[in-house]
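Naming follows writing order (A, B, C and D), and every chain is counted from residue 1.
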């Protein structure tokens, strides 16, 4: 059996993490407008899968598109410039973080949940016709797996034996909704029922992801059709930066002052008949927040920490410092360019 | 175990069959415009399922909506007037055969493939809120099972434990496409993967359909959620009346004169390099037509004939003659009304 | 009368309606949190979380409405209606006709719309012109809390489908969620008049299809709605400086249009400027031109709209969406013709 | 020049293009049979059957176009685009902008449209106005074989998405399939000029965005397209009898509109009648009014369009779709004002 190059995988994970942290910082400083969905927590999934990527393969991404693009080798400064809305950005400031496109890397993304599945199917179709052996990767979340776009694409890929690898990053949440509460059955079995191999892996263990992805990619390259990878992973930074749910968990007092009174009014509005029930509903909200925060702070297994254990301390430190300076260099390059524009 | 009332089931099947034949006749005479999709071949599926229907249950139907409406007890003449486009029709001539609605029977239909699934989910949601114990039935075809509307609805119904029964009439074809050739996996397993019981039944055997539907309906009435019934059945009249594929099969000579020359031109157009391959492609077309026609004429098991075997000859004849005269009476009532309008 | 934010005015209208009529239910992604006040009061049967399956749950909303409920289906951002378009185009708006007038679909589709906070071209569209193009669909776009509450009540009372669009710049929680307003390091050009105001308790219904004259004038009629309406009002002083007295009309409903109000004002001023955050072509601004032309009015006409994909970069976005400068320039050019 | 039917002219254009460029592929339901001549010639890799999953395979068409193919994706009837709307609204038409102009989507969406054969309100719509409302999308509607072939060639050559609409009354095989024409007991009002005509071999491309003057006149301009164009031409003799000389323009492209041609003709005649089989509101007819108003033209204006859900009953349908009588009456009323 082949073995993964852990150093290479860890380097990618570190690069993604530091890049995301840099983005978070820029966002906090108000330099990135609008929403910002980070992929912190998904690094092992992305690294483990994309380690199998070869030149000519394609990427179809969702609203957490920066980590795969970092792994893919897109210029970091051009991405930072893009999410800051600069003319020199990857997409000339027209796309922003949910709509990053790099033609030379055959990589596209979309903010419409689920649409990375048909996009990837199209990439795979083109590969099948024009460059046999090439593969298309579609990344999406557990919530997206209930979207018709994804479900139809699973069937399409299976029926056409497309060289496509579906990667479902299962962080168990879709914004504030626990995916389990709106999902029937198990997602891996669901994908398998469309006639393709489906692998469940612990997405915090990069080497396990790597093994499953290797099987999927080999199958696709050989023209034997698509596969599905269901990789569990933590959602460490909430749905997006500034996630109000996480905020309540982090600063309960401050937030309760804001959110509390209307909720109390709703609880106590006339007729009061169902007060006990209402307490229960309020409790549900509290529980959701607690679960979400708890998963974030207490239970979350950081894939980087896990990955680090597979390395010598020396290697870890070296790789991290290299990745850190690569990102730092990109940030300063981007800030400099940006400064010139002001 | 409960037993079906075969006479009642057979009566329904006969009523549907004769009604469809009457429609075919009106269509041939040019009295019904546009497409006309008949449900001939699906009678056992419809009868077996709807025998469990109670007042207050709802029907969400596809482009073959007349048989279920006949079974449901909608006035036959008003349906005939509708499909002939008369003011006195069920929908005042505004709907036509793909858009038949009867508010008093809580029955709606749609010509958009797959949309009976969300429509039924909505009926089921209303039942869950307003009249617990009531059930919604969604009928659709094997081709529709690849439509996102259906796939999403399977999940929705499962997640919400809706009192919904999904009935997939598997005639193995979607217009000229063999469903198998564009479908990954098995449809029953697919539905089951969304977290609901899925039954495969021979849809030409009304008593078997009845048993499976009974389980599904009891489950729904008890508030335990949806079920899926995959019922195989023949497609005896082609996709719609005048189906060009069936025509080729029926009148090969006449049709070949029409279709042949362009095909031959396509075969022989320059450059001729791939002639052998082209022969193969032409062969595929021929095979599709032959399969389709063959299924229609040679292999089709008529559910009525099967049903008849479960009855005494006397009962069969009596039921058929009653059904026949009911339909005949409706036709003459409709024609008379129509005549008055001219 | 109570002071309320735009968002709480809508909440209040919904609460009022849900209290009166237990057939009113709310469906959508994350509604347990987004509508937590309603959830705490009415519970999970009436405020119901959905999977990310807009096509199925909007379609289910149609069926539920036919079978006796009065659903409010939330499509988060109106851009996402694209994955559920069939439920509106071929189902909800067709049932009344298909059933020969015997059945109707009392469905409210609620969605946030509009830009101005840097979320990019798939999250900031308006699309009300495209939606209004479906015969049988009402589309309303309130510009202040009282209208928001009043139009929501009317939408809930309507026996046919209504799309209720809530501009994100007017709804504080959307700006917080999507614009990251809480970080304090960004600021948005939020029209104060639109985000907070007096609302009656219970709210007074605002009839669908009725516009409102917001500023009287005789030199020029400006037809607008939503956030753009406030941009028009902001442009008035600079026009007044130049001696131009513009009449500003808040259309409030895109469909049906208040044809009489449009024609009367246009006839009076002889000059019409449409300021519409939606895309310029084949939509609201064109329809207004046709309404006037059909009425035999021959007036000067110009439009300030969004011309293409909405750019992500804030500077480009500001230029792409109707802004005060563009409005004033267009009005000036017209008045000095 | 060869005489061809409307359908075979399109086939011929496709065949020409597929022969020249093996990146051109055709995807859709039942295309093996519907395009059997192409299938026999080019095989299953280039003429590929799909499941009934429009959202997925139109979305895949977008990706395939980005990755180097030139797909023609068939959506059978344009009404069904509703289940795949996202692929056009939020993907295909956005990629060029989102990528900063670096990437484009050379995709042709082919669909049949229009009514007049009794198939009801979910199968006879035109929807071209709604589609044209998406910035970045071209929409073409040929009215005769030469234009059909020429516009298909231009659509295939275009680097951005194009919707190609084929009216069912002009395409014999659709009438056979959907109208049951083969039974011989029904008849349809099929415009002979549109269904058969001379086509060059190989076809001469017709530029997207160029209309054509079909009949010269000075009293009134009639703008139309598709089958309605033929209805307009049929109305001419009765107008001529009354001394009215109408100019008839075949728009051919809905988006982009041929603004110059529209404005020139309207300026000349001072009276404009839009005859459009699509829904009346918020679409093509409105946009034409706006184009003229923006050009500063003050002309008489009227429109004959489809006003609501298309009825199933043939008699009602005939009245709902633009017909010769309604056109003649509107033109007459206008010319005698």
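To be clear about the criterion, contacts are C-beta pairs under 8 Å (C-beta built on N, C-alpha and C of every residue); 3 or more make two chains touch, one makes a residue touch a chain.
Small disclaimer: the values here were computed from a predicted structure and weren't measured.
> Report which interface contains more C-beta contacts, comparing B-C against A-C.
Looking at contacts between chains, A-C has the larger number.
> Taking each chain's centre as the mean of its CA atoms, which one is farthest from the centre of chain D?
A
> Rounded to the nearest whole Å, what is the centre-to-centre distance of chain B and chain C, using the mean of the C-alpha atoms as each centre?
Computed from C-alpha means, the inter-chain centre distance equals 41 Å.
> Please tell me the distance, in whole Å, between the geometric centres of chain C and chain D computed from their C-alpha atoms.
Those two chain centres are 31 Å apart.
> Among the residues of chain B, which are close enough to touch at least two other chains?
89, 91, 93-95, 99, 110, 112, 146-149, 152, 155, 159, 181-183
> Which positions in chain D touch two or more other chains at once?
Those would be 50-51, 53, 55-56, 79, 82-83, 86, 90, 94, 97-98, 120-122, 309, 311.
> Help me check something: in the complex, which residues belonging to chain D touch chain A?
Residues 23, 25, 45, 48, 50-51, 53, 55-69, 86-87, 90-91, 94-95, 97-103.
> Under the definition above, what is the set of chain B residues touching chain D in their complex?
Residue list for chain B touching chain D: 27-30, 33-36, 82, 85-87, 89, 91, 93-96, 98-99, 110-114, 143-144, 146-149, 174-177, 181-183, 240-242, 244-245, 247, 259, 262-263, 265-267, 269, 274, 277-278, 281-282, 284-285, 288.
> Tell me, which parts of chain C touch chain A in their complex?
8, 15, 29-30, 32-34, 36-41, 43-44, 49-53, 55-56, 79-80, 82-83, 117-123, 173, 176-180, 182-186, 309, 311-316
> Enumerate the contact residues on chain A facing chain D in the complex.
Answer in residue numbers: 58, 60, 89-95, 99, 101, 103, 106, 108, 110, 112, 115, 117-127, 129-130, 136, 148-149, 152-153, 155-156, 159-160.
> Which of the residues in chain C end up touching chain D in this complex?
It comes out as residues 55, 79, 82-83, 85-86, 88-90, 93-94, 97-98, 120-122, 129-130, 132-136, 255, 279, 281-290, 292-294, 296, 298-303, 307-309, 311.
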